[in-house]
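When the chains are written out, they are named A, B, C, D and E in that same order, and each has its own residue count from 1.
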Amino acid sequence: MSVLSFLGGLTFPRGIEPPGRKDQTREQPIRRLSFAPRMVLPLTQHFGRPARPLVTRGQEVVRGEPIAEADGWPSVPVHAPVTGTVEGVELMPTARGPKTEAILLRTAPGDSQVVRWHRQRDLDALSRRELIDAIQDAGIVGQGGASFPTHLKLSVPDGYAVDTLVVNGCECEPFLSADHRLMVEATEWIITGVRLAMRAVGAPQAVIGVEDNKPDAVAALQAAVAGDDAIRVTQLKSKYPQGSEKMLIKALLDREVPSGGLPYEIGAVVNNIGTMAQLGYLLPRGEGLIERVITVAGPGVERPGNYRVPVGTPLRYLLEAVGFEGDDPSRIILGGPMMGNTVAFLDVPVTKGVSGVLVLPEGVGDETERPPTQPCIRCGRCVEVCPVGLNPAELGRLAAKRQYQVMEERFHLNDCFECGCCSYVCPSNIPLVQYFRIAKSLNRERAS
Amino acid sequence: MSEASQSQQMAPAPTSSLRLVGTLGVIALLAGLLVVSVVEWTRPIIADNHERALQQAVFDVIPGATQRRDFVLTDDGPVPKEEAEERGPIIHAGYTEDGALAGVALEASGRGYADVIRILYGYDPSCECIVGMSVLESQETPGLGDRIETDPDFLGSIEGLDASLTEDGSGLKYGIRTVDPGEREEPGDIDGITGATVSAEAIGDMLHRSANERLPQLRGHWSELERNE
Amino acid sequence: MRPRIEIKTSPHIKEPDSVERIMRSVVLALLPVCAFSVYQFGISVAALLAVTTATAVLTEQLFNRLSGRPSTIGDYSAVITGLLLALTLPPAFPLWMAAVSAFVAIALGKALFGGLGYNPFNPALLGRAFAAAAFPEAASTWTQAGLADRFTEFLPSTLAPPFSTPASVDAYTTATPLAEWKFEGGIATETWDLMIGTIAGSAGETSALLVLACGLFLVLRGAVNWRVPVSVLGSAAATAGVFYALDPGTYPDPLFVLASGALMLGAFFMASDMSSSPVTPAGIWIYGILIGFLTVIIRFFGGLPEGVMYAILLGNAAVPLIERIAQPRMYGLRKGRGQ
Amino acid sequence: MAAKREQEPITMDTFLSGLWRENPVFVMLLGMCPVLAVTNTTENALAMGLATTFVLVCSTGLVSILRDFIPKEVRIASYIVIIATFVTVVDYAIQAISLEIYNALGAFIQLIVANCMILGRAEAFASRQPLGKTLVDALGVGAGFTLALLCLGTVRELLGAGEILGIQVFADGFEPWVIMLLPPGGFFVLAGWLLLFAWIKERQNQRAAAAKEATADGR
Amino acid sequence: MDADSLSYIFLNAAIINNFVLALFLGICPILGVSGKLGTAFPMGVASAFVMLIASLAAYGINIVLGYFELEFLSLIAYIAVIASAVQLVEMVVKKFSPPLYRALGIFLPLITTNCAILGVALFQTSYEYDFLQSLTYSLGAGAGFILAIVLMAGLREQVDLADVPSVARGAAMSLMLAGVLSLAFMGFAGLGG
């Protein structure tokens, strides 16, 4: 660790430092929006098996009530974000492309923000296993982007012991500031959540990593854990992709997740700040996950800010509410500009894992300009930034010649976690990570 | 190659080893006969060619020479090659039409720019000077290093180059060396060649080394080379 | 209704830099070097620069045409090749030979290998090596700097008609500081003269300080990977230092080695050519150290007074082998599972 | 390939195929070393070409005569001995004819032994074909080899010295391109010829394709 | 360095007058087997090894033939003896070191009599090297051959990923690369002088 911290603060090797662009929203307190008239609740808002619907067309539901149950262990339930009427269970387009089943809800006019459904438990009396069940019942999934069910992540397989719960407060993506606001405004929920999570995984200590572009968040958290030696708040040098769990573990613990392995193998579990806040908010109240905080930002937005949005709110409604006319050809991105994906339809909803909505028209700001793609000039910049230590230049050349197998066998294609640093710096504007995604999926196809 | 191995695999019953050895023997015999007859037939012609080439080279570096006789330089001075028993450096003596010693031709060699250069140079004891030089073998760059064979200033400055010995005869009085073109000062200086400094210096260097070694050895033995019987 | 919204994959932002901008800054950094060279050697060098650059650009265009590719002259890389080629040539080099070399540099050195980024060897140096082997005499004839009538008259050999032997420039020739050391037995040049550049040599190897300054600009601009000049110069200085320490009477001091010849130019502008150098940082270290070492070995023990060009070409040739052994260390491959 | 030829009579094609379509150097890429090494003058190229052709014709001829006599197992050994014999013959013959040429070609005369083109022909053709056909084939291949050597020799001598066969071609004052006589020049000139042939072939193919398309459209 | 010194003989054979790049010996394997580093390196090592055998064989043959004054048979003797010696070595290696045989063995028959091998025998004879000098010469030649074939293979692998114009693919590309390498090796001229 000390080696890494000699200049400019603690961090991981390589990576990039894109301009933060967080000024637009970082001072904006979290606000609420009015309910959309119609909510879309996909049954798979998480990584794993789809939830099973519990409601039928025409049924009335109240805000907070479960409307779909977990289908076994690798699944989570879905709760009603508003009081209203079930319009049906239909195939709806998703942000990721193909249509999936979703429950459609018509919001009852004049519904209030009060949650009408609770399942109270005595948290202090729960065993580890019961605590994890409670987390599953709350429908919590990772808020950091991957939507991995939190109860799964917190149940460490037999034979492994987790000594450190790592809490990811980096929010290294440009534009996003939802986690930042949570750390400032919901400090108590977060700390409660962290303590619960520590109990669930059986970790004696926790480390919260926060980048140094959020000094107020660091201060708030540090004040909240003062006197508790088990929870440490560590400030990190701002760098992308510090928020990636592998890099965060490297920066905070100087451990490396083995290639192809998972963090618990080296005694760590990583959770997002937002996940912790959800835990600390929902479990004591016995509620399910029905809302989340997202950053809506970008040069195309009139009223950018951090909004607490019911899960299921269609993007079109959200964007209209913040003052964006959806007809000009711009890019709507779910997540941050480095990792997020564009959407094809504004009818897709905000789901549990969406951390931000970005409206990013081309040519606004230096970094959205796209020079034409040129041949690789072997400048080596991609190699210098790849946090995994791959050779994107060589991989790119191999990809152009369709030598996908060589990429995998000799150049560790499968260790690329698609952070996009290489594409970001490439002066020839070669879509490197895009190539790698294609190569991986083709290899996977060939293998199966 | 691959066809060879294929047909080997397809080969029918193996042939007896007697037959194999026999065949090879017959072929070797045939080959030997052919080679021997060609060698015997060409041997005199080739020897003659070599002799003529050497003769020409010697006459080239010793102006006025029309006859030649070879000596071997032994510890007791030059001995005619026919009579020599020891091995040693060869000295080609050149004689004028009337049999007088016109000079001797000696071989020298040294590292040039690309590879080893071999030269033959003529020395005339009457003027105690080098009278000519020709390159026997060189890999120098064509058009650059190989101007050591053609450059008139360079070759001109070698003709008549002082190679007199010191009083005690232990070595050259003036060292032979190559200097920049047009900057000759000492009697032993050779005009260099622009752009081929390395090659030109190599010649000066090997002339110096050879003359500095051989001429003292020949001192006092000139009379033995004197007449061409 | 289908909204006109693009689907693109991440990342959606991009560092504001491009090949064209990198190349343009190299051209910019080369201009002071060119200007100083013209000041030193006069209109002969101006003509040399113009001819090589024009030929390089036209050749690039010709090959784009022939292979039906879009024009690439807008990326300025051919201009760099042209300028750098001229800077490595003797000031009195005949223009027709310069044009031949520039053609070879682009055609053989770049276009036939697939164009920008695919050339395994530095095109300008390939052109220069071709010139040295094709016209060895003209390529090793050095004229004095600062001749009185340099701004009004061309050197006699410069304007030789195409394919003919150039007129003799014996009247103006002189030895370069390195050749003086090698062939005339000693350093006859003040190191300060090497620094400010009042010396004979190729068009671009005049002022070590000026080249250093322009090179540093490129390093700061990010166009040159800092490891290249550091490793090349460091290794040259170290190698020379060892010999100098062993036998100061025979070998020149490291500062002379660094400031003389084309080492500065080579380290900052030519070894740093990205296409022909390794992509990995570890690879660049090996590559740079190899070049610095070979330069000094060729200078001290070879038949030629100057070795930068050959050292870089040999370094280029070794790049694929270097990259074999110098891949970045991958995250998560560490033995002992972290803890 | 060989089996098919067995039925065919000796035609001009047997000769031409080695000369052009299956040119040992430009198409089969065999015997490259002498092609590069001794082609710095046309004279050397010619001498080397003739010497190689001589060895090729004699040794394949002898192999063809002895083909039923030599058992398969010692085939290659016999061929090598036969080839080496004729190379020694040529070696001495050239020394007798001209020392100058002999010195210019250096070890490459003796290295004809290693020229895989000859062994290849002996193995692939002469060991299965009657004498007459073998000789025509060998002459064709030898001619093709000599042609290739001359292609290089003339270009290199012309540009490298301004002469062909020692006769000055360009006006006085021509500046020779020394590189042509140096090793890299050998590589570049051969590469140049291959590029030229590839380019011509590509043009032909394009034109053929275009013509085909045109007739297809016409129907 | 003296022209007869062992270190000069080694350097000369390895880089100054590199067998492949300056003397044009062993071009066929360079063009044929240099497509991939994985095969080029063992091929180079196998060739270097055979060069060593050739050098030893030639040294012995010269003594024997010189004694009987049968020098005119030397060429035939070289090629026959080298070829048989390699066969012998191949059998020995196969028997005693199967891994080594798998790595190098397949190349041995390919290279028994190419001109680089024979060149070692011929050149050391014409330079009149003594035993140690011959040995050094063959080691240098072998090292130079490995260097050349490995450099070529690396470059060819790299160029394979490039957008090479169609006319320049194949042998022409290899020859261009060899030409440039040969040009670069000219920098070693006069080394040690």
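Going forward, a contact is a pair of C-beta atoms (placed from the backbone, for glycine too) under 8 Å apart; a residue touches a chain by one contact, two chains touch by 3 or more.
Everything numeric in this text was worked out from a predicted model, so none of it was measured.
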Label-sorted list of chains bordering both chain A and chain C is E
Interface with more contacting C-beta pairs, comparing A-E to C-E: C-E
Comparing centres built from CA atoms, which chain ends up most distant from chain B? A
Farthest chain (mean CA position) relative to chain E: A
When centres are defined as mean Cα positions, the distance from chain A to chain B in whole Å is 85
Separation of mean Cα positions, chain D and chain B [Å, integer]: 34
Computed distance of Cα centres, chain E from chain B, in Å: 29
Averaging over Cα atoms per chain, report the distance between chain D and chain E in Å. 23
Which chain B residues touch at least two other chains? 1, 31, 35, 39, 113, 141, 143-144, 198
Please set out, as single numbers or ranges, the residues of chain D touching at least two other chains. 77, 81, 84-85, 88, 92, 116, 178, 182, 184-185, 188, 195
Among all residues of chain C, those touching at least two other chains are 108, 112, 114-115, 118, 130, 133, 136, 303
For this entry, which pairs of chains touch? A-C, A-E, B-C, B-D, B-E, C-D, C-E, D-E
Residue set of chain C touching chain B in the complex reads 136-137, 140-141, 170, 173, 179, 183, 303
Within the complex, chain A is touched by chain E residues 160-161, 163
Could you pull out which chain D residues touch chain C in their complex? 170, 173-175, 177-180, 182, 184-185, 188, 195
Quick one: in the complex, what on chain B touches chain D? 1, 3-4, 7-8, 11, 14-15, 19-20, 23-24, 27-28, 30-31, 34-35, 38-39, 42, 45-46, 49-50, 53, 137, 141-144
In the complex, chain D touches chain B at residues 40, 66, 69-78, 81-82, 84-86, 88-89, 92-93, 95-96, 98-99, 103, 116, 123-124, 160-161, 176, 178, 181-182
